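Quick one: the structure is below, questions incoming.
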């Protein structure tokens, strides 16, 4: 029923210059790494990217950055990336910082048809500038708007031909919300399975949100390997 | 780790007169039927009840109604209940009707610390009376507030000692949102399992939202049995 | 004037016409009552996912007696099955789908429709208020909202009006009205009569409609 | 004045003191950096669930080499394990937990704290802005917010101020400040010195604090 792409290049071919894209992942975990590589190859430019982080210098969204394909970045933490800093200071890259939970909720709202909501995060801080402040039950809140994208790129462990997705552990993170907020949502899945193979009670993203899927292996780079020595 | 009650009576003993309670379920599916029976027995009075429906005349929340324990009902559809009609017309029961999706979102907002949000449902209808109307991107929306309760009563298929819950099929409905919005949330579970028996990736309600659990069998009455004759 | 068809036949006729609104690949919400019947007429070659706002994406057929699960119902509270590839979700998630405009089509019943796209289908003042259920959310969510209803009420009075008299379910939300007599689109210029059902003439439809009807070019050509 | 302890020892001292804030049964969010260290000192007899805002309720110990799963990290992006009874969730759900005040306690790092409970811990003007991550949400969510930091900066200047000079993370959000020298509560009447850590005197703490400190009755009694 859904479009199944045979290559990652094909999966991103409709993403044009000046598109707004949302990309799942927290750090390098749960990012659609092959879709990002295909975007780098596509040379599409002037992207607005909505994602919690912006990868590292040589992986994930950092590759798009290095290739100067991003005009604007909306995220909560962009600190793992020297090229990011250089481009911002040089005025080549616009940044909109949003508190992480507010970012997640803005994306959920975008996908859920909620144009705006009130959140306490950021009251009295620089991010409150230009935002409406309103008091409910004696506490101040900021008006935050929903976010949508032309394309949402997500990564799941399992996807089926009906578009249903199941994520693995903390690779879930922003992916379920981002899947809901794209005009077109493309899922990079590690395992593409037949319809009927998923227990309908354990699906994280119902297929209605997903327009296309592509299967592929992932490298899954680890940013901060922390291990306990065997006693 | 969580309080495990050995009887349903014990589970509801802290619910006092004039409490606001939220009760999971859609129709008679997914209702915490034994907790409701215990509430009837407790004779607690002047309740404000937030639930999508109000049961039927002889089952579910209808029993609380019949016993005149409810002062006010917030729900979206209360049409299966003659006693409900009688009490409303007699001025014994106050009703606040909220569109079903708006009700679900208001409960989610209450549990998620969002005091208010904008929703399109009800613009230009009787439910817009007294509500702020605001235009975003050329479309009108109503300001809706989050809902919370003193006690939330939910029903799940599985619960563990850490409070994690898994629901069955359409018995999920309002239960996950209601579980988040109670000052105290009590889960009636069909199967109480040990910590570690649930796959952390398939938990619907993380244990943080649940304060107490009680195990019991359910009658599970069917409102509209519709069957296909075997050919 | 068309022969007096019995009520069941009229409902079947409307449901079959409404089925034509459904395209393969669509996600569809069918309202309680007559709209639910539309599912019985969906052609086998169409791949359609039916959404039930109580938390089921992918309603299947009614269960055989041995399959009945009391935990599995549709929004009309009837026992159902889940289709292959179905997903369950919570009520908030279900209405996030609806409100976020992820459904292609909703087919709902109507008491009154107006020429500006207003719909009334939930409340008759003076009668007991049962509640709006999910209708007020659904009319604002689906990409296309189709109303199906009898063309006139039991007294023979029009149900398609210049303005709704009953309290509204939604303002300017209807895209198309399908009745036992006609198919009418709500457009910026007003109501456009796009089809007349078997047994009725354009004149009879216009006469039994309070709102102004613009007859579509296609229909005009047919009648020439 | 206290002996010059090396940096690691000071951090350990603060982390151990912060551990005393955690009660059995608590759900706790530990910030990135020094707060994460607090987990190493949680006493075995306390049942504590650590929340990681990237979608894990129930952080376990670090993995053995054979257990490393690249899909399983904490908010500091370190590989972790999940504890028994853990649950994964999405980012929106994770922050719903936070914002909805379901966490009992958050322990976060600080650059500056002020006597009205203001906190600055995310941005130094003129330096590269890395982003606030989840801190701005967490300070408004947890039932109790404890800040841990050095009492003075590397130049020896106070970090507990009359007013924060750095851009804020949150306004009036801090409940308690724990440093290498003292434990200070934010109360309506101002900052209350409730404890002085080993090696320091009340006078030394007051002297190295820009904000006014009210010495708690308990401390006064001790020094009498």
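Order of writing sets the labels: A, B, C and D. Residues in every chain begin at 1.
The rule is short, and it goes like this: a contact is a pair of C-beta atoms (placed from the backbone, for glycine too) under 8 Å apart; a residue touches a chain by one contact, two chains touch by 3 or more.
Note that the structure is a prediction, hence the values are computed from the model and not measured.
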Check: What chain is the most remote from chain C, judged by the mean position of CA atoms in each chain?
Finding: D
Check: Whole-Å distance, chain C centre to chain D centre, using C-alpha means?
Finding: 56
Next item on the list: State, to the nearest whole Å, the distance from the C-alpha centre of chain B to the C-alpha centre of chain C.
Entry: 29
Note to self: Quick check: how many Å separate the C-alpha centres of chain B and chain D?
What the structure shows: 36
Checklist line | Multi-partner residues of chain D (each touching 2 or more other chains) | finding: 82, 88-89, 95-96, 98-99, 140-141
Next item on the list: Please list all residues of chain A that touch 2 or more other chains.
Entry: 105, 108, 112-114, 119-120, 167-169, 172, 200-201
Notebook entry, point to check: Which of the chains touch, listed as pairs?
Noted result: A-B, A-C, A-D, B-C, B-D
Checklist line | Residue numbers on chain A that touch chain D, as the complex places them | finding: 26-30, 52, 75-79, 85, 88-89, 95, 97, 99-105, 107-108, 119-127, 157, 167-177, 204, 220-230
Next item on the list: Sort out for me which residues of chain D touch chain A in the complex.
Entry: 52-56, 61-65, 68-80, 82, 88-92, 94-96, 98-99, 118, 123, 128-138, 140-141, 167-172
Checklist line | chain C contact footprint on chain A (complex, rising order) | finding: 1, 108, 110-114, 160-162, 164, 180, 195-196, 198, 200-201, 203, 206-209
Check: Across the complex, what residues on chain D touch chain B?
Finding: 25, 27, 47, 49, 51, 57-58, 82, 84-89, 93, 95-103, 140-141
Note to self: Can you tell me which positions in chain B touch chain A when the two form their complex?
What the structure shows: 105, 109, 112-120, 134, 136-137, 139, 141, 145, 166-169, 172, 199-202
